[in-house]
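Order of writing sets the labels: A, B, C and D. Residues in every chain begin at 1.
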Amino acid sequence: MGKGRLEAFSDGVLAIVITIMVLELKVPHGSDLASLRPLLPVFLSYVLSFVYVGIYWNNHHHMLHAARKVDGGVLWANLHLLFWLSLFPFATAWMGENHFTALPTAMYGLVLLMAALAYRLLQQRIIALEGPESLLARATGADRKGKLSPLAYLAAIGLAFVQPWLACALYVLVALAWLVPDRRIESRIEGS
Amino acid sequence: MGKGRLEAFSDGVLAIVITIMVLELKVPHGSDLASLRPLLPVFLSYVLSFVYVGIYWNNHHHMLHAARKVDGGVLWANLHLLFWLSLFPFATAWMGENHFTALPTAMYGLVLLMAALAYRLLQQRIIALEGPESLLARATGADRKGKLSPLAYLAAIGLAFVQPWLACALYVLVALAWLVPDRRIESRIEGS
Amino acid sequence: MGKGRLEAFSDGVLAIVITIMVLELKVPHGSDLASLRPLLPVFLSYVLSFVYVGIYWNNHHHMLHAARKVDGGVLWANLHLLFWLSLFPFATAWMGENHFTALPTAMYGLVLLMAALAYRLLQQRIIALEGPESLLARATGADRKGKLSPLAYLAAIGLAFVQPWLACALYVLVALAWLVPDRRIESRIEGS
Amino acid sequence: MGKGRLEAFSDGVLAIVITIMVLELKVPHGSDLASLRPLLPVFLSYVLSFVYVGIYWNNHHHMLHAARKVDGGVLWANLHLLFWLSLFPFATAWMGENHFTALPTAMYGLVLLMAALAYRLLQQRIIALEGPESLLARATGADRKGKLSPLAYLAAIGLAFVQPWLACALYVLVALAWLVPDRRIESRIEGS
């Protein structure tokens, strides 16, 4: 089974997710700077989520590029990932509009956590299909970032109830760590 | 005529349908758990519809993969299917926001029913084009799931006026039965 | 220059246009039949516009399929067509929500008219690029439907101010006439 | 690494950006001409932004067509460009709904400016990857339009606080200058 349509469908969903998030930037009625100020937290949460969706698209791109084949299980693991990513606009808007209060900030972390776990599940499903000697299996290797991120999200969810801004700092930190695309896969592909 | 653009257009519509459904999860104004509770039925109906659209995308993927050619009739049968799928966001939101009351739950079943019939119509149109000896015709075979699902939806529409939750249980059951992608086609393709 | 990305972008825009129109079917607050009734004209106008966008996608598909190459002029003629098609959701909702009163019904016809003219412009641009002996030029031939439709829209715009339902009947009639995909192109391609 | 998915994702985002802008054309409640009049500035700003997104899609198409390969840096430079383009619907609606007052008109210019700089960054990243002897490097050449546009936007941002309509005139002028697709690249490709 070809992976082309899986990529096309995922691209479509990710493109829509990344774009409808901006709809939460509700156009203010006034035209002065003061009417723009309440949008600042919504804008900041939009930037953060844009970067996260960008990271997912980027790594998804690399992972599928390294994959040789897909089956029904991979299709569903992929849909499962897309489900959690589809909740980004909601979680982003809730956090932004409530100015990073405790529960919405924790909920944002929960969606990040579920998406991260769904991504790992998809990765494992592809590796299971391709075998431990496959390009993807070797490229992923120990996958330290993939293992540490869920722990960081868990910590942030707890921190959100103590000091939400610390949780946000953690979300930003993890995003920065992932901003670099998975060079392991890139270099392995070039080397193969 | 190539089937590539038919797949691309269908992917686009399905990706948008699956993503705009989440827009019905209106961001609550409060930031406590109580303000999240009214969203629960909307969220549950979103999950159900996400799975259904996922099933349609999955099976559509398999069916088109098995098809060798398309003609104008197939294009329109496909648009007819997309029409009913485009009503999913509306039917989902109406059912969820009314907490699974009778009429919206029946209406949801009606949209499921029409989409199922449209899918069968598309399948028959492709088989008519490709002949009874085609890969798709042999792979589909008796198509018991395809024949039973509309009956289940019909039963659920009736049940909705007696006990809506039974209708919902039936929707979930049919979804579970379809969650497994059409392995018949998959195995036939591999065998051919 | 390849036509692949032109098709992909057009598919994307058309898929979104056809899907966001359904967002105008605002989810009613009540859950009885009475709360559904005000949506009927909006639904009817949605069906009509869905068919029209389907016709455009279908014929666009055929036309681009017959085209051999595209240039900058074709890209802009295509964007011009997409612009008028992007106004379908607005025109559809305005007509539906005002229960087919005079001005909105005439405005709907105006958008149909502009889209039809834009389509012809795009067609002429491609033929100018490919030459009078090209597949598309021969397949299009006299193009009676393409010449008569704008006249029908013009008549409907006038009729809308006398009797809006007559204008709507004309919109439906033209849609039915176009429902058949451009068999001329299809048969020419098969014959070539 | 293939550039196909980069193009597909960009097409998706641009198609959505160009289409959701039309959602700001809120359907009026009345059905007479007077109820349509307040929409005129929103419509005009929509036309301007449609043309700008069209220009970006067009030139993006040409640039990627000339590119031979992409890497992680290009992916992120591209996402950065898409980020600023994703703010077009917001900036367009804010300017249109406030009837081209000072601050929203300046803000529109700021988004145009950032998108223009992001586009140049992406272009430089691709050229850095491909070398000064690459097709794109030679085709871009002095890139006068690319260097002058940001200056024009800067001037317009300042002008917006003096006389907003002058700023708008400048936006229209720059758009007209870009309407012609990058013939340099087109002719170089044909010549190569």
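To be clear about the criterion, contacts are C-beta pairs under 8 Å (C-beta built on N, C-alpha and C of every residue); 3 or more make two chains touch, one makes a residue touch a chain.
Source: prediction; values computed, not measured.
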Overlay chain A and chain D by their C-alpha atoms and let me know the rotation angle in degrees, rounded to the nearest 5.
90
Would you kindly say which chain has the C-alpha centre located farthest from the C-alpha centre of chain D?
B
Shared interface numbering between chain B and chain A [over half = same, under half = different]
different
Cα-centroid distance, chain C relative to chain D, in whole angstrom
26
With centres defined as the mean C-alpha position, give me the chain B-chain D separation in Å.
37
Among all residues of chain A, those touching at least two other chains are 8, 12, 15-16, 20, 23
Chain C-facing residues of chain B, complex:
1-2, 5, 8-9, 12-13, 15-17, 20, 23-24, 71-72, 75-76, 79, 82-83, 86-87, 89-90, 93-94, 97-98, 101-104, 107
Could you please specify the touching residues of chain B with respect to chain A in the complex?
7-8, 11-12, 14-16, 18-20, 22-23, 25, 27-29, 31-33, 36, 47, 50, 54, 57-58, 61, 65, 179-181, 183, 186, 189
